[in-house]
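Here's the structure we're looking at; comments come further down.
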Amino acid sequence: MTASLVVTASPHVRSQDSTPVIMWNVVGSLAPVVAAAAWFFGVSGLLVIAAAVVGAVATEHFLGRGGTLADGSAAITGLLLGLALPPGLPLWMACLGGAFGITFGKLVWGGLGQNVFNPALVGRAFLQAAFPVAITTWPPVGGPFWALKGDLFALPFIRPATDAITSATPLGLLKFEGHATRLLDLVTGATGGSVGETAALVILAGGAFLAWKRYLNWRTPVSILLTVAAVSALIHLIDPRRPDALFMLFSGGLMLGAVYMATDLVTSPITNLGRWVFGFGIGVLVVVIRIWGGLPEGVMYAILFMNALVPFINRATQPRVFGSRGAKAAT
Amino acid sequence: MTDVAPHCATGAAPQVHGKSSPAWRLLITLAIAGALSGWLVATVYNITLPAVKRHAAERLDAAVREVLRAPVRWDTLYLVHDALTRTAPAGDLDQVPKAYVGYDAAGKRLGVAITAAEPGFQELVTLMIGYDPGSGSLIGFTVLDEKETPGLGDKIERDSDFTHQFVGRTPPLTGVKGRAPATPSEVQTITGATISSRAVVRIIDHAVERWRPLLAAWDRGGTT
Amino acid sequence: MTTAGTAVAEPPDVAPAAPDFVPGAPPPASVAADIWRGITRENPVLVQFLGMCPTMAVTNTLANGVAMGLATLFVLTGSGLIVALFSRYIAHEVRITSYILIIATFVTLADMILAATFPDISKALGPFMPLIVANCLLLGRAEAFAAKVGPVRAVADGLGMGLGFTASLSLLSSIREILGRGSILGHDLFGRRFEPWVFMAMPPGGFFTLGLALLGLAFIIEVRRRRAARAA
Amino acid sequence: MSHLAWIFVSTLLVNNFTLVMFLGLCSFFGVTAKIETAWRLGLANTFVLLLTAVGAWTLNTYVLTRTPFLRTIAFIVVIASGVQVVEMAVKKYFPILFRQLGIYLPLITTNCAILGLALFQTARHYTLAESLVFAIGAGLGLTLALSLMASIRERIEVAEIPIIARRMGLVLVVASCLSMAFMGFAGMGSAP
Amino acid sequence: MTATGFRHGVHPPEEKGLTSGLPIRRMPFPDEIVLPLRQHAGKPAIPCVKVGDHVERGDPVALADGWVSVPIHASAAGTVTAIDWWPHPDGSMAQAVKIKVDRFAAQVPRPRMVPHWEGLSTDQVIRAVQDAGVVGLGGAAFPTHVKLAPPKDHAVHTLIINGAECEPYLTSDHRTMAEHPDRVLFGIRVMMHCLGVTRCVVGVERNKPDAIAALQGARPADLDVTILPLTVKYPQGAEKMLIHAVTGIEVPSGQLPVSVGVVVQNVGSVSAIAEVFETGLPLIERIVTVSGRGLRRPANLIVPVGTKLRDLIGYCGGMTDDGVEVIIGGPMMGQAQADLDAPVLKGTTGVVVLRREETRQEKVYPCIHCGRCLEACPVFLNPSLLGDFARVGRYEDMAEHHLADCMLCGSCAYVCPSNIPLAQFFQAGKAALRRAAAGAA
């Protein structure tokens, strides 16, 4: 029997969760969000998501180290990118965004786990910078399921035919028309906006599931949402013309961003204290950009900016080593 | 890699080892070098100055002609302690706010061109605004300087549909998004460049607000 | 600063130590070699990483890029020549100051001439034109090369470096103008239906384009290396 | 937003000297391998920028009124020598401060961020107050950019970076991402 | 008093049910005994027998080499057949005395006088303990007599007995406490006497109620001994964690428990001492938990030190068809064995056999910075960062980030979803640093 002995390093037992399990659970938890997207934006929403996923996954497959598709992270990137795009966006743009996000948000950094910026948001920020008009053109919610919104099938490099009927997002309306959307519509998601951002409650449910399974750290979203609520409530108090906390919480990409994007393990702090700081920073930035910034929405930029701070936050929030009290540092 | 490169050249200027020379020699060297370069630069400056001046003048002229609908002549008013005067004050002129009053062949005043700058989406946006104090309406405007996003914010000077709407409108204006203007004081903003568009509106409103009383006062003080 | 050698060293973790100024003239080489070196092996932008600021700031259109490149070429050559001619009369202690003076003089000349001849480009470049003074490339060449060789080689080096600089700027700026505005030298390429990548015309696009160029370069080098390895 | 406040925010974030205006990139790429070095260099920069603002303003208002064409030369020479004087002074009277920041001063003297400040404040006809705010915003913006870059580079030091991105490629992608992140501040203070 | 506990740590499945109910049984003597000279921390012992010599059970075969070293005794009567290299449980080869066990020997030790501890001075007791070759049975196998003679400048105020036994599967300490509480307490009495301490706390995890009850019952009136139930959490038994759990004191990093006036001894060590003063016998056998689903008949056995794993496992019915990994110690810190000729040592707390599907799969993913390792590490290190440094061989940086405080408990690797062999990395790092230091010196 000696021949067939297995020799591994200690510890010889391991907890159940593995990285792919975590990732695929996140994918699973996004299914309801995708369903909601289909409900609100019909086939157009699904097509945009699909295009983004294809872009991300294909790039990971052809440029990646190989065999890394199985860990599921590329799929998440594609999904979340797709969910953060407007329903009528030409598919080639969505696809390009996915490819860009994976290539320059992940692969050049060394692949899974090495990147500092959230790949999906790198992809989205690129799209927003490259095609600002297309990505801020919002087809109205609802309509028949099979209706093709916007100019989905525009050819690459060709300016999409601007859709006659476009709506505006609650944030756009607020910033540029000074008109606030009904809270009920915000909560039920019956508003213009990105494919997956409008179904706030579904997103929260998915987040709750992941938090319960400990696949995402609840501190990050909680501290983001609390901060946004607190800060905007304060500002609303000082100047009632400013939107109130509930509007802030349920409009724009905040929910999706706070629950699924700020919580990306790789690009958020590793210490719990750090996660509180991270969330606080995002919350403040979101409110500041939404109220005083030029852009109507700032979730993406807030997260990207705080991503850049993560290495610094990690440094600053290292726990005190056991027994190093009394400044007796071991070396 | 060559991150090394940069920080050297000047980096080592002081602590240099090597033979030291008497102070007078250093001074002489610098003096000569300075004198030479000064002379050279001055000469070239004087040679190029006319051309540079001409270009500036042309740019101004073109702008004024555009916003005042091709006046045959125009003269400059300077704003010195809150009052307009035709006599240029001493010192550097380009900080002094100016108004350019344009006349047609018949000597009738077409309007006044004024410049104003305020933050846009990225940086300050500088406009020249043609304004008719008589009717209180706009003759037009042109962008003198702007660093907005190419292909987006810079439509405020490229997109003629946008710029033409201002002709004949009476400030204060309001920018509306996504629909045709309803009242004569409304202009439609550029999709994707709402912020820049509104910046233009804001600049024009503020400028008119500021200059209307001044021009009125000037008129009372005897129009030509 | 003899950077070519260090071109492959990893970034230093502190500000690099002051290089020694023991006058060691660069190895003799033909004029052609001096020029070629600047364009290729010691390319100021793609290899030596000098003068990053102008490189990034003005490469949003080809016209600006070329203008900046040629201006730099002019300054490099001119200051190189003067430095080479007079370096032996310049006292050691005021060396740097004098070089800066010489360079600044040429920059000012270039600035004024451009303003007189191409007012629009001059307006577009704005303060980045005089900023050439700060470009480490110039002081670097004056100190490390021109001061140690004869006027001919100094001019040759200036030409080489200048051409290399211009070439890189042209490359980057044409990528950025074509993608970012769908035009080249202001001429519309693809007609009105083209959807430009605004990204390219904006600051992130600047960093990105250079990054792309470097990745491409590294890729080519890597492929070559692999081939060589396989051959051996 | 008041004018001075706008200048500050605009220089610090919207038009960050390094990430949007492309000034001081040499230091940005060259001296950002360790975070301590980075923020020290940033602070030293801020210090010199303040000096420059005052110097340039003085030159513009009192010395160069008749000879604008000597600006570039005057700026560069005055800044270079001024910084050296300050360096000696700091070395003599604040040895600790000098040990912290001093070694960077020479590196900065002709860094284009410094000259750039002088030239931009001239081009924009800034008053003394405006120039000072401009300098502080620029300096802090520089420090911010340098520190962010440094902390990120410290992390990617242990990453398994693909060979072709090892040298400078990734660093530029990082810069690009940082620059994108800063785009969120665009239009800050000019909102309707 | 109540336990303050310690923060972080992990909860691996206990698996103690396999053997916790089984009474301790004596294992018959094997045909051959192998006694490595290096069984304890400190200097290896020096052989004092030649090939061909006959030894009785309990005779010394090797003598202590200095103060931090102990003698080794024959655990069975027989003939020395070789003194040669032999597989050591730590994976290396080591000098060992091989004894052919005499089939028909009565296996009774030579008659000897049992030392009367009350009569002896502290030094004499300590000497007796060293001569008996007693070492820490908690795994570290550190010579016990050294712990009994703390440096004069440190006043010891508390003796802590480590009955945590936090590793999964292992139940040897558990059974000892449950079946021989009075022996344990006698050992404690002797130790308190030598250390001159008035207070002793026995820390036992709550998952051993019978052991706790037994000790409570056997507690003599004249001794201040507290039996302290502890939360069930790994690594509750780690010296510094246990001290914190019991006294709330943090042992300064880089220092020994003595520096805060505490001495920790494992339950097994204590009862070993007791035996010395009850029977006069040296440490020649110990209680070993032989367990795991890869084994046919798990048991708690009294095993002669030097018994080969092959014989031990064979006596327990051998391995099941899918039993593939044999571990000495517990699954968290224990060492997998490549060669079943390796013998049971004084410090061998248990032998665990895992089935194939229980062994770690090899696929390792990159660190996704989930932070679970930080939340597991009982000494508050940043295993993720240390792991990154280890991967690129930056050992000085590891040292700078307190690698020295890592006790290789494996909690981080246990929770890591990316299956990164962190503990292994850290062991390598420590080794590399030691080599570097040696090179420098």
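Chains: A, B, C, D and E, in written order; residue numbering restarts at 1 for each.
FYI, a contact is a pair of C-beta atoms (placed from the backbone, for glycine too) under 8 Å apart; a residue touches a chain by one contact, two chains touch by 3 or more.
Because the structure is a prediction, the values reported are computed rather than measured.
K.L.:
Would you mind naming the chains that touch chain D and likewise touch chain E?
P.N.:
A
K.L.:
Which chain is most remote from chain C in terms of Cα centres?
P.N.:
It is E.
K.L.:
Measuring between Cα centroids, what's the chain most distant from chain D?
P.N.:
Of all the other chains, the one whose centre lies farthest from chain D is E.
K.L.:
So which one's got more C-beta contacts, B-D or A-C?
P.N.:
Per the contact counts, B-D leads.
K.L.:
Cα centroid separation between chain C and chain E, in whole Å?
P.N.:
68
K.L.:
Measuring from the mean C-alpha position of chain C to the mean C-alpha position of chain D, what distance in angstrom results?
P.N.:
21
K.L.:
What is the distance in Å between the mean C-alpha positions of chain A and chain D?
P.N.:
Chain centroid spacing, chain A to chain D, equals 33 Å.
K.L.:
Which whole number of Å gives the spacing of the CA centres of chain A and chain E?
P.N.:
So the centroids are 50 Å from each other.
K.L.:
By the touch rule stated above, which residues of chain A touch at least two different other chains?
P.N.:
Only 104, 108, 110-111, 114, 126, 129, 132, 176, 294 qualify.
K.L.:
Quick check on chain E: which residues sit in contact with 2+ other chains?
P.N.:
Expected reply: 366.
K.L.:
Can you list every residue of chain C that touches 2 or more other chains, as numbers and ranges?
P.N.:
8, 11-12, 15-16, 49-50, 96-97, 100-101, 104-105, 108, 112, 136, 139, 198, 202, 204-205, 208, 215
K.L.:
Return all touching chain pairs.
P.N.:
A-B, A-C, A-D, A-E, B-C, B-D, C-D, D-E
K.L.:
Help me check something: in the complex, which residues belonging to chain D touch chain C?
P.N.:
Spelled out, the residues of chain D in touch with chain C are 19-26, 28-34, 37, 41, 69-73, 76-77, 80-81, 103-104, 107, 110-112, 114-116, 119-120, 123, 153, 163-173, 175-177, 179-180, 183.
K.L.:
Tell me, which parts of chain A touch chain B in their complex?
P.N.:
Residue positions touching the partner: 132-133, 136-137, 162, 166, 168, 176-177, 294.
K.L.:
Looking at the complex, which residues from chain C come into contact with chain A?
P.N.:
Touching chain A from chain C are residues 190, 192-195, 197-200, 202, 204-205, 208, 215.
K.L.:
Which residues of chain D touch chain A in their complex?
P.N.:
By the definition above, chain D touches chain A via 1, 35, 147-148, 151-152, 154-156, 159-162, 165, 169-170, 173-174, 176-178, 180-192.
K.L.:
Mind pulling up the chain D residues that touch chain B in the complex?
P.N.:
That would be residues 6, 10, 14-15, 26-27, 29-31, 33, 65, 67, 69-70, 73, 80, 84, 87, 106-107, 109-110, 124-125, 167-168, 186-187, 189-192 of chain D.
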